[in-house]
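By letter and in written order, the chains are A, B, C, D, E, F and G; residue numbering begins at 1 in each of them.
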Amino acid sequence: MATPTTILERMVDQPVSLRLKDSRELSGRLLGLDDHMNLVLDEVEETSATGTRRLGRVLVRGSNVISLTASSGLPPKRT
Amino acid sequence: MATPTTILERMVDQPVSLRLKDSRELSGRLLGLDDHMNLVLDEVEETSATGTRRLGRVLVRGSNVISLTASSGLPPKRT
Amino acid sequence: MATPTTILERMVDQPVSLRLKDSRELSGRLLGLDDHMNLVLDEVEETSATGTRRLGRVLVRGSNVISLTASSGLPPKRT
Amino acid sequence: MATPTTILERMVDQPVSLRLKDSRELSGRLLGLDDHMNLVLDEVEETSATGTRRLGRVLVRGSNVISLTASSGLPPKRT
Amino acid sequence: MATPTTILERMVDQPVSLRLKDSRELSGRLLGLDDHMNLVLDEVEETSATGTRRLGRVLVRGSNVISLTASSGLPPKRT
Amino acid sequence: MATPTTILERMVDQPVSLRLKDSRELSGRLLGLDDHMNLVLDEVEETSATGTRRLGRVLVRGSNVISLTASSGLPPKRT
Amino acid sequence: MATPTTILERMVDQPVSLRLKDSRELSGRLLGLDDHMNLVLDEVEETSATGTRRLGRVLVRGSNVISLTASSGLPPKRT
């Protein structure tokens, strides 16, 4: 069985998409993480109700993270 | 007595359905988990008020999980 | 003095009713539990504002539990 | 100085009234408790906005407890 | 430097006023406390939006406490 | 690098201003603190939506603290 | 892999921008931090729905932090 931490560590340097409790979504490259699921992303693009903006390097406190998705080359397909 | 962890581990590689605090439901195959109930699902389909979409591999922080249901071959029967 | 854990363990295999923070009520047979009050129920029937449905086996994360009531053979009497 | 735990343990087998975060009040006899303030009450009567009903034996997760009052033989006097 | 615990312990047997997260205020004599700031008050008078009532002895779970004020003989002066 | 605790301890006996989660602001002299950021202030003046009032000595549970500002002799300058 | 703590420590003495759970944004120079992500900023400018004001030195309790962004010389570019 793969643990969440093992799977997260394999995502380092890969593009990921992050959903936060304050309804923001952050897309960027995963730079690092720790046991609390504190995460550092680089080249971040933030999407919220007020639009999209570039943020550069962002550190997110783990307690605000809902879920993290590996960004594939394919756009998500609406069913 | 079966502990929740034992029962969860038996569900690995099985289809499960996850209810989150932000009102989303995720269906997919359970890949892995840890003691905080951080979970990794594969082939995820997300259902929310805004519809259904495919997400691929998703890691969910345990603190956002309300409940997890084993997906049977049978659809849930409304009483 | 009986501790909550002792009393909970005596309820295993018995029908119980669970009140969750998201206003749902789950009724089913208690299969297992741990120190965080993570619970596994079988033959679950869920009651919420949108009606009643059968869910089968459900694992509930303890942090979502408000209270647990032993289901007696008698219906609760309104006073 | 009396600690809260000492005082709680003295209340075992006594009638108590419990105020919960979801606005319910539970009255019953205190059966047991632990360090997280998980509590078990017997012969419980629940009062909420929707009225009063009897619940029998109830286990309450400590994180939902706001306060606990010793029920005296005297009704509370409004000033 | 005085630590909060030292200062709290000096308040034992003194009249205090407690502000809770559910907007209630409790006034009474401080009987005891522990490291989680679980508190026991005696001769409690509760003030809320619905008026004032006497509650006798009350145990408050620390996680509901916002702040605690030493009740002086003087009423608080509005500036 | 100065740690938050070191910086807080240097503020003891100094005037500080405290922002709480319930939208209150407390100004006073910092008497003491601990590792949970439980704080004791003296000569406290509370400002909320309902006005300003004097409270004397106040103990605040750390979990309610958002931020703490050193009160300078200068009023904050609006830009 | 860089951990969030390592990356945060490299930001000390650099300008950062902080997003808090109460919708405020704080910009300032990062003075110090600890394992709970308690942070101290200097020369702080606060932006909220009610405008912008200068606060000087501010200590923020980590539990209120959503995310922290390195302030570059370039303004964020809206896409």
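Points to keep in mind about this one:
Just so it is clear, a residue touches a chain if its C-beta (ideal position, glycine included) is under 8 Å from a C-beta of that chain, and two chains touch if they have at least 3 such contacts.
What you see is a predicted model; the values in this text were computed from it and never measured.
Common neighbours of chain A and chain G: there are none. Per-chain Cα centroids separate chain F from chain G by 19 Å.
Each chain gets one centre point, the mean of its Cα atoms, and the points for chain E and chain G are 35 Å apart. With touch defined as above, residues shared between interfaces to two or more other chains in chain A number as follows: 21, 63. Round the ring, the chains follow in the order A, B, C, D, E, F, G when counting starts at chain A and proceeds to chain B.
Contacts from chain B toward chain C in the complex involve residues 1-8, 21, 37, 62-63, 65-70, 72, 76-79. Across the complex, chain G is touched by residues 9, 12, 20-22, 26, 31-34, 38-40, 45, 51-61, 63-64 of chain A.
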